[in-house]
Every structure is written in structure tokens, then in C-alpha cells.
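Please go over the structures that come below.
You will see chain A twice below: alongside chain B first, and alongside chain C after that.
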Partner chain A sequence: MRPPLIRDIRRYARSLRCFWGTSLAAELEYPLNAAIELVSVLGNLAGSLFVLQLLFAGGPSLGGWSWSGALVVLGLYTLLDGFTTCLLQPNLSRIVNHVQTGTLDYVLLKPIDSQFWLSARTVSPWGLPAMAAGLGLIGWALAQAGPGAAAGLRSPGAVLLALALLLAALVILYSLWFVLAALSIWFVKVWNATEVLRYTLVAGRYPISAYPPALRLLFTFVLPVAFLTTVPAEALLGRGSALWAVGSLVVALLCLAGSRLLWRFAQRFYTSASS
Partner chain B sequence: MRRAWRVARALLGSQYALMLEYRAEIALWALSGVLPLIMLGVWSGSGAGAAAGLTPQQLSHYFLAAFVVRQFTVVWLIHVFEEDALQGRLSPLLLQPLSPLWRYLASHFSEQATRVPFVVLMLVVVGLAAPGVLWWPSAGALLLGALAILAAFLLRFLLQVIVTTLCFWSERAAALDRLLLIPYLFLSGLVAPLDTFPPAVRRLALATPFPWMVDFPARLLAGEPVNAALGFGAIAAWCLVLLPMAHLLWRAGLRRYSAMGA
Partner chain C sequence: MSTIRARDLAKTYRISEKQPGLAGTLRHLVNRRHREVVAVDRISFTIEPGEIVGFLGPNGAGKTTTLKMLTGLIHPSAGELEVAGYQPWRRQAAFLRQITLVMGNRQQLIWDLPALDSLRVNAAVYGIDEPEARRRIGELAEMLELGPELQRPLRKLSLGQRMKTELLAALLHRPAVLFLDEPTLGLDVNAQARVRDFLADYNRRTGATVLLTSHDMGDITALCPRVLLIHQGQLFHDGSLAALTQRLAPCRQVRLELEHLHPAEAFAGFGTLEAHQGHQVRLLVPRAQLTERVAALLERFAVVDLEVSDPPIEELIGGLFRQRAAAAAAGAEP
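Moving on, here comes the complex of A and B:
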């Protein structure tokens, strides 16, 4: 008899394998999408680099960030955007449909955690090009940044910290998406709520110090864009501060717990469709 | 003529009532158009505007005008049409003695009317957060700017009609629209004023329809010196190129339409 926790983990891992196997098989029915995604990633990257270059026309730095530092931020943004396309967008933008048509009933009745099911039911391979491009850009920019930045990453502790902050960024991003999507329990027709998020998170393309002070406060405390790209980028460049690192991890935990609590609270208000 | 007037009034009235039902959603849509304001933040913090010969005031006027232009030139035809076609709701619309495109056009205009209070509210918030940023354009600039916004909207609508007709052939035409969004984003002047572009890129951009959709109306509104005749001429020329294409594709598509899900 195995301990129940291990049994649960194995059960969820098995479910996840089924979920993702079937959704990958379904998505691969549309091979044209691969070409479209590739062109779209390359086009977006080229455009972002072009605008970044325009912004650097006025001087050698943007809000105190060098060109290669700003490239790391852009790379992290691209990576997170790919993650969104892979996992967040295909799953969480569907919650509103479940609420609208009442199929959320079936989800809630399944012998599996409903937040897990809603967040991990499908996976789309079409975010992979963006994730690869983001990683490539980060690596290239770090090589450009010179030995100083590379030295920051030489100790295993620094690498671990950078990875932890990246994980925190993913958790924060997921929680933001989930909270907005879960609001559809109250406001049934808000499929655009998640789109709003996608458009405002564009702010993460640039280091947070490039913004005027009022926006900096907004992007740190209200919409935590700073923790998504700027803080991990600083750690990667070997100049992360302990205060921001701890702050980032705390925000990530708070966001995750908040999304969990909100979902439990929201279920009390779910009355199913046409009833 | 009388019939056209009656039809237009009925369509606009009913669609406006429908859009008012979705005002919470439209508020969110308006909120998702904050990109020019975010870009204003980045640009005003960098010295790049000054390097291109733009004063801080010119920059803020330009991006605020671009924000307003973007708000009233949003086209979402393809998403609605794709759903209507897939769910079979298009069939009853096709039986009416009026092209469904007119109905979609009317609902876009109604959505813009519903959007007005939210845009005003967002501008007020911007004005409170950064006093002195808002300004009142001259009557001439306001009139020409409004006309240019309308023209830019019609051009964008026409362009999307062409992509939308591809829904008749492919189930995922919306993905193609996402591709078209990329040059729109970077070449239209939404994220960077065209004046800051290197000359070669600027020439390239001006040869596409995109700068006429944001940069031209925004500069009119911001009171910058613009060749208005050239701008309106360019939009008219692009419309003349796209209109026959849209017409042919729509007719060819209708012949293929097999009433999915009906």
C-alpha cells in the first residue's frame, strides 16, 4: 500500500499524459498552423527588435539597461508568450465557454481536481517556436553581455536563483490568467478579459525602469509585470537583489493561493446554465 | 434611397441596442487598447524621441491621438463571422435580401458608439494621472481627424473582409488574420511614430496600407503638419484596389458555402 500522496501524484501524471497525448494528436491535424506560427513568431520578434532599436537611437541605455540587457528582457517576454500559447490560452480561454453552455457541470463532477482539469486539459504545440526563440534570444544576449554577466551565472546558486525566479514568473502569469478566466462565473460573457491581459502584459517587453514612476508602481503592485520579465532578467544578468527575489517568490505564492481561493469561492456562485 | 435610409436606421438601432447589452465586455475591449499609452510611457522615458526631433509634447500628443484612433478603428469581423459560419447562423442571414456584411458593418459602428463613454473615461484617468497631457485639438483638426478615422476604419474593415472570405475555404482563417496583425502593429505607427523610422523603412511602410490606418489620422488629430489630400487619396486608392477583390472573393466563397452545422 503506497502513501496516498504518491498515489495521487501518479494518478494526476497518468491523466496529464492522456490529456496531452490526445490534444497533441488533435492539434497536429492542422499542419498549416505550424507554418503560420513560425512566421508569426519571427515577424513579432523582428518587429520587437526593430522598435527596441528605435528606442535605443536616443542613447546607449533604456532606463539604465544596456542593449543586451534589454534583449534578455525581450527574450523572457517571448518565452512567456510561448508558454501562454502552449498552455494558458488553449485551456483558460475555454472556461467561459463551459460556463456559458453549462458543460462546467461535467467538469465539476469528474473525480479529479477541477482547477487542474481546467488548467491542464489541453496543450498546444504552437507556442514552442516562440519558447525556442525566447531561449535563443536570452542565450545570445547573455553571450553579448560579456564575461561580467556570464560570471554572474557561473555559480550553481545563481543558476538556481534565476530558474526559481523564472518559475515564479510562470506561476504569477498562470495565476493572473486563471483569476481573470474564473471571473466568467459571475460575468458570463468576458472572453475578452484574458485578451486584455495579453495586451497589457505587452508592457513586459521592456525593463520596468524604462517607465515613468507612476507606471512603475502600477506594474509592480497592481499588475505584477515587473516580476514577469525584469526580475528574472536581472538575476540572469548576475545583478539580482535579494529583496526583489524574495518579493518575487512571495508574490508568486500569494497569486497561486489567491487563484485557488478564488476558484473555491467562485464555485459557490455557479448555478449552471439554463437552470 | 428611402429604403436604404430605412434599412440603415433599423440595422443601426437594433445593433446599438444589442451592443448596449454587452457594455461590460466593450469596456474590457476598450481597456485592451492601452498599447499606445504603454508605448508613450516607454518613449517619454527614452531619449529616442528627442533624437528624432520630437518634443515631449509632440510625443504625448501623437500617442494619445494614436490611442483614440486605435479605439475607433478596431475590426473584429472575422471572429464573429467565423463563429457564425461554423455554427450555421450565417444561413438565415444569407436568406435576407441584404448582404450580411452590411449587418456586420452596422454592428461595428454601434460598438464604436457604445465605446465612446469608456474612451472618454480612460482619457480622464490619463489626464488625472499626468496633468497637462490632454489638449483640445482645433476644430479643423478634430473634423479632419474624425473623417480620417472613419476612412481608416473602412479601409481596415475592407481588408478584413478579404481575409474573412477565406473562412469559406479554411476553418482557421482567423490564424491568417493574426499574421496580418503583425505588420499592422509595427508599421502603422501604433508602437513608434513613423518619424523615428530610418528613411528606408519609412518608405517601405508608406508603400503599405498600414501607416494610413493609424499614423495619418493620429497626426491629423495631434495637429502635426500633414498632407491631408495625400492621406485621404492613399486610403481611397487602397480601397479601390481592395473593393473588387473583396467582391469577387465574397461571391466565389458564397458559391462554396455549404451551410455547416445547419
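Moving on, here comes the complex of A and C:
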């Protein structure tokens, strides 16, 4: 039974294309959303830049971070926020609806991984402005940072590392969201907690070392905010350390495995308790 | 080999009990009390390939729980169960490709999109290639009398059209076993008839096995040669609808319209007098004596009109449950 694997991969790829094709078609019925989203992203970014400027008014560095380094962090945060709007928010907000209306039954009866379906069923283009703004800010900040940072990124290995850490950040962010959304199997009200999560992750706008030590611990070990923006930013600036890199990848894998485990458990609960 | 085999299938829920009000909620937080509720109580049956079986019972009888166990959405508490050769609760992909579930009160298609888009998604998920999917959609759309509706957003369709597109979506992967939970819920008479015709036609053409619940006895009489009746989690009847009627109603109803007025006593010996109003008389007559009693009635009275019928099955089932409930209550308080 070897070829079925290839067939399955192709089936999943085609499903994903269909998922996203149909949802983009539906979203584009409302083009005004794009303009509103763009204004909101630029407004948010301007606000963050203003606060950052205030923080730097006291001196040339913030917790050991230069102005341009801090901008890279802010750029990464904006990028991740756009990813949330594109993929996490529209998909995972549906789980609670599926539970409330009973349509989760239909998802569970499809011959496809239910976590895949629930996580990738739709995509919203309205996070793209934020993702573009984030990327732009990162590029601009790296250019500002001068030859030191650029030199750090010159080797292909360093670029690869930075990309891997960015991927790890996306995986961690996804897992946090998915775990909260999956909890709605037990507690329907828990969906509101994702709002709390989103606002806590705002902490990732600024370098982790800008926070007091207690918060730094919290953001590293409890809510892994540090791995979302600070760690990939250091790699982008050519200051990545092997320890943090490995740590970040391990945390990402653990989070992903945790989310799958929880989902399995949630399904078992659902199938034994629902009526 | 049977398509569905259930032996001593049972499901018990643990329900936490809470007193109403804030005080009750607080007490519940400290001292949780649980109660076991038996939803399905050791039922056994087998269904052969190609059968259409109606699944009857009042609300809360355990119909939906059983249906969910058969589709693999609920893990049975006890007993053996095999559907299409698989154990449903493991929900293996190969099993899921064999079955489909349609719930009249829940939609799987997306509200804002034309049905065709949702159908394309289903085709991809089930790994049906595009030309084949188009062929099947065309075929099913023809049977269901659906055309341009498939290209309109679902929200713009009537309830009947939506139900038909739901059926189309549920059958795209050519399942061998169909589980239909109230498929005609809320439909008007015409739409209902069309859904019934389609199901009968589909069953004839594909040989698919169909298990169907409905509150509408019309669905059952039109489609199901065999019915399973469950009550309080137990299987009360497994057989034809006619046999069920006979079992529930050993009498037939004779309605008479008479030329002249007669006192109630005049009907003694013909049967149980159910109603007597002016020229209209209704009698219950045991099936075995039906012919001779009717002949005697015709001879004795000047009859303008006569009608013999079975009491409506809904009433019979309702009557049965009232009787059993009363018997249970009497048994509990000797």
C-alpha cells in the first residue's frame, strides 16, 4: 500500500486549492473590505511606530535593541498578525460554530483529516495588506541596520535559519490558536479567549528584552511570544544563536504535536459525550 | 453479508444534574452529581444490502443516538456493531467513503456560495477527478431536477431546492449506505414527494442501502417496506409497516353514514362504538370478523355511505406509548 500516500498528498493539495479558490471567490464579493483593512493596518502600524519612538526617546537602545532592530521585530509582528487574519481567525473561529450548530458531524464524516479541514477550509485575503506592510518594514529596517546586519545574512545558511525560525513562529502561533479553538468542544464560551490571546500576542510587537524579567519569563515559557518575533528577528539581524534556534524549533514541534494530541482527545470526548 | 449488523448495541450517557438558579449552579460546582441515562438499550438488528428501512420512534426514543452510532459519530457503550464491514467508530477513510449522512435540520453546504463550489470541494476531498465529478453531478442533478439552481448562491434557493442540493452533495461519492435523519423536514407536499421519489429511484438504480428516520409517516409508507420502531431505547418492532399496524391495532375502523337516526344501543354486538353523532357512526371492529359484521350492518341499517380504514399510524404509535407509560406508572405504584 505505497502509492496511496502519493495519491493522498495529491488529494490534500487539490482539496486545499478548492478550499482556497472557493473562499477567495466568496470574499471578493466584498471588495470594500480591502480598503478598510488597509486603512486599519496603516493606522495600527503608525500607532506602534509612535510608541516605539517614545520608548527610544530615553536613549539609543531598548533592552539592548537598536531602533532598526526593534523595527524588524515590529515588522515580524505585523507579518504574523496578517497571517492570523488570513488563515487562523477565519478558520478557527468556525470550530465553535460547528460545535454549536452540530455541523462538526459533517466534518468528522469526511475522509480527510479533520484538523486539516478545520484549519485550512477558508482563507481571507484581508490579511495580505498587513503581511505586505510587515515584509516591507522588515526589508526597510534591515537596510537601515547597515552592513553589519546585512553581512550576517549573507551566507545561505543564515538565510535558511531565519526562514526556518519564521516558519517555527508560524507553527507556534497556529498551535496556540488551534488549542484554544479546540477547547470549545468542552466550553463553547472559550472562543472569546482567542481575543485575549490576540491581545496578549500584541506584546510581541516589541523585543522581549524590553519587558521586565517576570514578563520575559512568562513570554518565553508560558506564552511563547519570544519565539514568535524576537528570536526570528535576531536571526534576521545576523545575531541568531544556535541555542535559541534549536529551542525555537523544538518548541514549534512540541506545540504542533500538542495541538494534534488535544484534537484527538477532543474528538474522543465529542464522540462519547455528544448526543 | 449484511450491510448493517448490530448486536446488543447500547449507549449510556453520563449527565450532570444541576438545580436551577444561581444557588444550584454554585452547589453544582462543589458537589457534582451525575446520573446515567440509557439512550439505547441493547438493540439488535441486521439490514441487508439494498434495503430501505424506516426508523420510527417518538422524540428522545434513541433514534438519533442509534444513527450516530451507525455513522461512527458516537462510540457505543456496549455491544457489537458492523456497517459495510467496518466498525464505524474508528471512522477509517475507507468506511467514510462508503456512507453518507443527511440531516434535515443541518446543512453541510456553504450558505454564501453556489452549490457547485461546495460540490467541487467535496469532489476534491473524496478524490473524485473533475470529469468524473462533472458527470456524476449532471446525472444526480437530472434525477433531482436541479439545473441552474446549482450556480446560484445557496441562500437564494428555496428550502426544497436546498434539500435537493444537500442530497446531491451527500451522494457525490456514491455511498453504499445512506443515513437520512428527517430528510423531508419542513418541506412542502410537492418537494416532499419529489425527495421521496428520488430516494426510491436512487435505491433502485444503485442498490444502496437506506436507513431513514422521519416524523412524517407519509415518507415511511411511501419508501420503507420494513420499519424498526424503538421506544425508550428498546426495539419494539422489526418488520413491515402492515404488521406493525396489525400489532398495534387489532381492530379496523368502520365509518357509517345512515339514512335514519338510531340510538347507541342499536349498534351493540357490531363492535365498539367510538363515535355516534346524528347520522354519523364510527365503530371499531376486530379484523377477523370484519366481513361478517359489515355484511350484518348493511343488512340491518339503511346505509348511505361506508368506509373501512386503519386508524392513523401516528395515533396508534402515540396510543401505544401512552399505554406503556401508564402501565409503567401503574407498575411503579402497586
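The criterion applied here is as follows: the second predicted complex is superposed on the first by the 269 of 275 C-alpha atoms of A that agree within 3 Å, B and C clash if a C-alpha of one lies under 4 Å from a C-alpha of the other, contacts with A are read in each partner's own complex, and residues count from 1 in each chain.
Operating definition for what follows: a residue touches a chain if its C-beta (ideal position, glycine included) is under 8 Å from a C-beta of that chain, and two chains touch if they have at least 3 such contacts.
Remember, predicted model here, so these are calculated numbers, not experimental data.
Participant: Determine, for the superposed model, which of the two partners chain B and chain C contacts more residues of chain A.
Facilitator: Larger number of chain A residues touched: B.
Participant: Check whether A:Arg14 is in contact with chain B, with chain C, with both or with neither, and answer first, second, both or neither.
Facilitator: second
Participant: Under the stated touch criterion, which partner chain does A:Phe83 make contact with: chain B (first), chain C (second), both, or neither?
Facilitator: Once the two structures are laid over each other on A, A:Phe83 reaches no partner at all.
Participant: A:Leu215 contacts which: chain B (first), chain C (second), both, neither?
Facilitator: Touch status of A:Leu215: first partner only.
Participant: Once chain A of both complexes is superposed, is A:Trp244 in touch with chain B (first), chain C (second), both, or neither?
Facilitator: After superposition on chain A, A:Trp244 lies in contact with neither partner.
Participant: Examine A:Pro111 and indicate which partner it touches, taking first as chain B and second as chain C; both and neither are also allowed.
Facilitator: second
Participant: I'd like to know which partner A:Trp263 touches here: chain B for first, chain C for second, both or neither.
Facilitator: neither
Participant: Who does A:Phe178 touch here: chain B (first), chain C (second), both, or neither?
Facilitator: Neither partner.
Participant: Under the stated touch criterion, which partner chain does A:Trp65 make contact with: chain B (first), chain C (second), both, or neither?
Facilitator: Neither: A:Trp65 stays clear of chain B and chain C.
Participant: Between chain B and chain C, which residues of chain A are contacted by each of them?
Facilitator: The answer is that chain A has no such residue.
Participant: So in the complex, the part of chain C that touches chain A is made up of which residues?
Facilitator: For chain C paired with chain A, touching residues are 13-14, 39, 64-65, 68, 71-75, 89, 91, 93-94, 96-97, 99-101, 103, 106-108, 110, 112-113, 117-118, 120-121, 123-127.
Participant: Spell out the residues on chain A that touch chain C in their complex, using ranges where they run on.
Facilitator: So the residues of chain A in touch with chain C come to 7, 11, 14-15, 17-19, 22, 25-26, 29, 101-103, 105-106, 108-112, 117, 268, 271-275.
Participant: Write out the stretch or stretches of chain A touching chain B in their complex.
Facilitator: Touch list, chain A to chain B: 30, 32-33, 36, 39-40, 43-44, 47, 50-51, 54-59, 62-63, 187, 189-190, 192-193, 195-196, 198-200, 202-203, 206, 210-212, 214-215.
Participant: Looking at the complex, which residues from chain B come into contact with chain A?
Facilitator: For chain B paired with chain A, touching residues are 22, 24-25, 28-29, 31-35, 38, 41-52, 129-130, 170, 172, 175-176, 178-179, 182-183, 185-186, 191-192, 196-197, 201.
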